[in-house]
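Shared chain: chain A. Partners: chain B in the first complex, chain C in the second.
Showing the complex of A and B:
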């Protein structure tokens, strides 16, 4: 098992190197630091001096890959690639354009993100599985039909409208919770209630349909027929056999997103004013702060790969047929 | 006039041509036509297709751009306007030209906000001023209501007559082809007994006619969906947004298809190092959160456009190029799913007897892939194309909201929502822009989802077996 996990971790390294190279090419080769400086300074104040000054301030005044003026190891280390890209590997994200440390921001902002994303994930999973189970239990009836219709309709509504509609109904018309904002500690509950509700509601359509398909696929299998032949009631079949077996694809599909919960949700956080990583990223995109976007791209990839790793491990845990290949 | 060849337009028409060619080809191949015939039997699928076709017509009209000819200059040399217009622009010109000063509610004849108006005697008074272009000649709200009712009824009647003529004409054609009487044919369609779901098609057409008729008549005098902050007609904005949604939904898949099909099949068929390289490529791309990759790429395109303004002459061309880039980037992030599916399928297929036989006969790899593997994975490709459409339309709205979507000057549902997102918090509330964007997007995406379900059920052999098993289990 340890050897298996270790090998999976080693597989992750070339992928992270690839991600790093892609971001490097995107951020420094396609557009040179000069272009970025011009954009950051605005059209009016662009003089060669100003560009040089901006680049020096932000650490972009080095050659891209090889520094011919330095000597020894510094030929490779005193470059943009090493300073800006390679350092991401040790989670040294550097400073944002406004001079603040990105690593510190990430460490403080990931908790509000998690406080929102985790309840959405858990409650959403529970609601979707329950709803899908009920559809599978009453399959091929009118309830099933209209349930699926409801799911398709809910899938067809943009997340933006769930958020806008939720804010309007719950906060403005019924005045139950504040429209947006955040407070640390127990006070957070009243700010998080609506975003969680909206997050769960927007996921019901696609989630339920997906789980219903899994349940129906399982109900067509031989072991279900055997269980029915034994005389088990339909409820026993569904909960005792189908649910257990269907949990394998469901869990492995869900595990992959767990690490990504730290990244938060871009839309909810920016609409509800939650100071998490999602709103941090959106602000960075809108302020065109490339350092933050670069850091978030790398962090997101690391978390996704961690999710893949967790998926592989959980597969071996829940499905005894899977061996460590 | 002179046509302006925009990249997007060319690609969209290419897509139309490819679709038409496929349809023409599939009609002649019984094994290809059979699953599509099953699609045709589905009422919900056909109704969805009609609604989508209505959207597509609007979008395609917006995909022919030209420069109108101006009155000839000295010497009779033809002069063309610098402004690039589409056919849809020309059709909607009255709607676009009748811009008010600011917000007005749907079908209103007065502004939404109180203003100080100068009365005839030079006296100033606070009140709701009359709109410049809505309900001209109607004395007050009561007269407006009568006029609206009249126009709605006339529009509905017009739509009904047009629909009835088309329906009867089409039924007569069908009856003649089938060699049945007209009355019998009408009865068969009304009872839903035809093999092709004509009843659903005609009902969907009826619904569209009943909506389009009144709206068309009302739009000549009123702002049917109100006006936005700068006084533009919201109906116009919504209709113009359809092109962006359709372009994103279709071109993205068109762009990614060659990569996904080629790489996915090659990985599964050749295995070995090809498989390793392709798997590495898609795992790497997949591991970058797609919104961030899109954001990064769009920011880069933005920097490029900003620093090279001389390369883009017209604003339309710039917006068009940015939309094309957005499609390419979305394609780059979304080809991985299809490639993975195709790789798995090719892995399975290459072990089958007929492929083994072909290899033993010394058939070249390229021929095996095009002749034996490609036709057998085509259903996966088609299902993916249809399934992806709705997701991409929704993604456009989110990306434009985040600020990495289409050019802000381009009409799209995302820019509409983005501009209107603070309007719900206004006092009094302005709801119609969001409501219009919601209604249009919902209709488009719902139709796409329904069609996707039908296509998947008909084309995917696995689903068919599963559905039979589920139906059998329920008995």
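Showing the complex of A and C:
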């Protein structure tokens, strides 16, 4: 197991270098360092001298990938790519183009993101599995039929509609919770109630249908028929056998996203005024702040790789037959 | 029987839930986004959209950022809060300085001396004694009078993450040297001030100082990198007191002098901007200590140090910014004189009272318009602009174009204040383009025809909800030189009919187009259709109606308009290199002087040649000659006459299709007083006053929680569970499927 994890971690290095390189190339195809300087300095009275100074101050006055004027290894190291990327691998994200420390921002912002994403994930998983199991239990009945219709309807509605509708009804018409905002600590609860509700509700349609399919596939298998034949109650069959055996496909989809919960939600964080990493990323893209974009893409890649690794490990926990060589 | 009992249980349970919730606090608004401890406090609630990039007064150049810095930093001058047209008045200065004009021999010249005779303008600024800085650790002293926090070892800073981690604070008196220090910062290579290039053309010695600082900085960086490596960003402090600036000097403790090259009357306006606010060297030294900025953001971008009425006590640009009253602020009397109508609007009710009136200001970040607008309606923001999505809900325009609040807004006691922005938006013709550019009669008539065809009144109505007025020239209302009514009519595009301007008919435009060599939108010689190209930044499907509208305007003349949509960077690059034909652009005034608009058409400032602000690359020698005359003389009949001639030339040449000047709308609640829109200054917060008791009462009235949905939800959940349990039991008790009867 340890050797397997170590091997996967080593595989991650070339993947991260590749992701970093692609991000770099894509970003600088659209934005030149001069464009970044102009955006940072504003639209008025920007002189070429000011642009050069900004680039020098922020380390964008070097060649992008290859420094032809340098010699030896410096041809590769004395470049924007190397100078800006090398430190990422020790998780030193450096400063944003506006001078602010990215590590500090990530440490500050990941908690609001997590405070929203974790309840949505946990409650959503519980609601979806419960609903899906009840549909599987009452399969081929009117309850199942209308439940599926409801799921299809819910997954056909845009997330934005849930957000705006939720804000209108719950916050504006019923005045039950604040329409947006965030506070640290226990005060966060009243701000998170609505976004969590919206996040769970918007995921019910697709989540339930997916889990229902898994459960129905399992309930058709021989071991379920055997369990029923032995006289087990339907609840025992569902929770004692079907759920356990359905965990492998459920974990495939669920565990991989756990690390990514840190990255936040783009839409919800913007509409509900939650100062998380999702809104940080979108702000950086709009401001053409390469330092932040690069750091967030790198972090996203690391977390995704970690998620895949966790998924593999979780298989061994739910299925004793799985062993890593 | 059991079914009835279960239903009773569900209803009782739901009622219990509602009852418990109601008794828990139905007197309070549940949707209040602010802590209960703030209720009834003398706090103003506002919002911000973009997180401020920097609050350093030498670098910040956006109106959003100035919304914060203008409350904290105090330049020597400010604009009168109420008077219009905008008038400079002292802020920390004792009086508005009158420049002494000197010739090349150093002899004093009269104030109206022609610019070519003036070699130097000398501004001597005397500041008021007794002004003190906000409490700040940079000023903290030990018992022996030595600075506590200016020579900290890196190990001591390692434990500090916020300004509050420095327990001691201090203050000191504002002196003239602080203003001089800040002017030197404009030339600092690490500060990269956006106005350094412009100011170095005027302030004597500033460019030289910039060069010297650049060289010294390079030396420091090299030795620093040799010691700490390239990636270490903790560069050593550059003490600007050691570097002389020949054009700026301290005269005495409360007086400093600035020498300007030639005559530059607009310099007074710059003295009202945060760029010229004081900076105590202690603050610069404090933040420059090794480890302060790295990873902690302990720097001037985050933690300003000023003498103004407010100080920043919470800087969380991700969520909220909080200003609190500066305990060392000297107080400032509310203006006793205003513009006509101000007294009737209640804007002089606090005349003579000492400001600021509000203790705290909480800015919450709102990135989306819907929650922002709803929170304003709920009373959680004290004032608001109006987004286009909410315009119809808030305002109705009368047939005369007068804006009135809807009955719903009036019922809430909301008020509306409007003002014409000191800005202009226009469609520019690139003068370097062979088809639409140049001073030839053909190109001029083509531009005039297009100017007539583009119906800006319709544009304002469709895309700005009527919030704007069509432009008659480069100058917006409120700027000296702008003329109203028939005198201000652009005769190239409008006729004066029934006491108001009327856009010329499309037939006139077609005739001009034919005279330009394009009858019916086709080139007379070849018969090829005339195709023009509009470069624009398009962000998505939302831009389609606007772009289609442009096409329709040109189609009136049978001209085919090709839209070349691109991103912001490429758009700017095209304008910079002159590689464009038509484009839409705007300008927001730096200061309320006609020079700040007329220079947008000044030939020597053509964007493609010099990188200046003349984006259309317009060049007319007569206009440029008049501009040189106009820019340096005082407002008066002579200046008005020159401006009239310049405007007439520009109208005839039509380098812009004069677009529109937007109107700003501000809504406020009944408990907010003394708000007057000010396009030039952002430091009016000190004059705002709120009635916190009225706000609390209204918030409670407007935000009573509605509890029946919770009861319905509880009942529905109970019913579903009950039905589910029953169905499960029935199913469990069901006999095996009976065998099929034999046929």
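Note that in this section the second predicted complex is superposed on the first by the 290 of 325 C-alpha atoms of A that agree within 3 Å, B and C clash if a C-alpha of one lies under 4 Å from a C-alpha of the other, contacts with A are read in each partner's own complex, and residues count from 1 in each chain.
Simple rule for what comes next: a contact is a pair of C-beta atoms (placed from the backbone, for glycine too) under 8 Å apart; a residue touches a chain by one contact, two chains touch by 3 or more.
Predicted model only: the values in this text are computed from it and were never measured.
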| item | value |
| --- | --- |
| Which of chain B and chain C A:30 touches, first, second, both or neither | both |
| Chain B versus chain C as contact partner of A:47, first or second or both or neither | second |
| Which of chain B and chain C A:38 touches, first, second, both or neither | both |
| Which superposed partner A:249 touches (first chain B, second chain C, both, neither) | neither |
| Chain B versus chain C as contact partner of A:153, first or second or both or neither | first |
| Which partner reaches more residues of chain A (counting touched residues only), chain B or chain C | C |
| Partner chain in contact with A:167 - chain B first, chain C second, else both or neither | both |
| First, second, both or neither for A:178, with chain B first and chain C second | second |
| Contacts of A:63 with chain B and chain C, given as first, second, both or neither | neither |
| Common interface positions of chain A, toward chain B and toward chain C | 30-31, 35, 38-39, 164, 167-168, 172, 179, 288 |
| Parts of chain A lying in touch with chain B, wherever the complex brings them together | 14-15, 18-19, 22-23, 26-27, 30-31, 35-36, 38-39, 139-140, 152-153, 155-161, 164, 167-168, 172, 179, 216-217, 219-220, 224, 260, 263, 266-267, 281-282, 285-286, 288, 290, 293-294, 296-297, 300-301, 304-305, 308 |
| Contact set on chain A toward chain C in their complex | 30-32, 35, 38-42, 44-50, 53-54, 56-57, 83, 87, 94-95, 98-101, 103-105, 108-109, 134, 137-138, 143, 164, 167-169, 171-183, 187, 190-191, 233-235, 270-273, 275, 279-280, 283, 287-288 |
| Touching residues (chain side chain C, partner chain A) in the complex | 29-33, 35, 51, 53-54, 61-62, 189-190, 192-198, 230-231, 233, 293-297, 299, 301-302, 316, 318-319, 364-368, 370-371, 374-375, 377-378, 567-569, 572-573, 590, 611, 613, 703-706, 709-710, 724, 727-728, 731-732 |
| Contact set on chain B toward chain A in their complex | 280, 283-289, 291-293, 295-297, 299-300, 302-304, 306-307, 390, 394, 397-398, 401-404, 413, 417, 421, 424-425, 434, 438, 441-442, 445-446, 449-450, 453, 466, 469-474 |
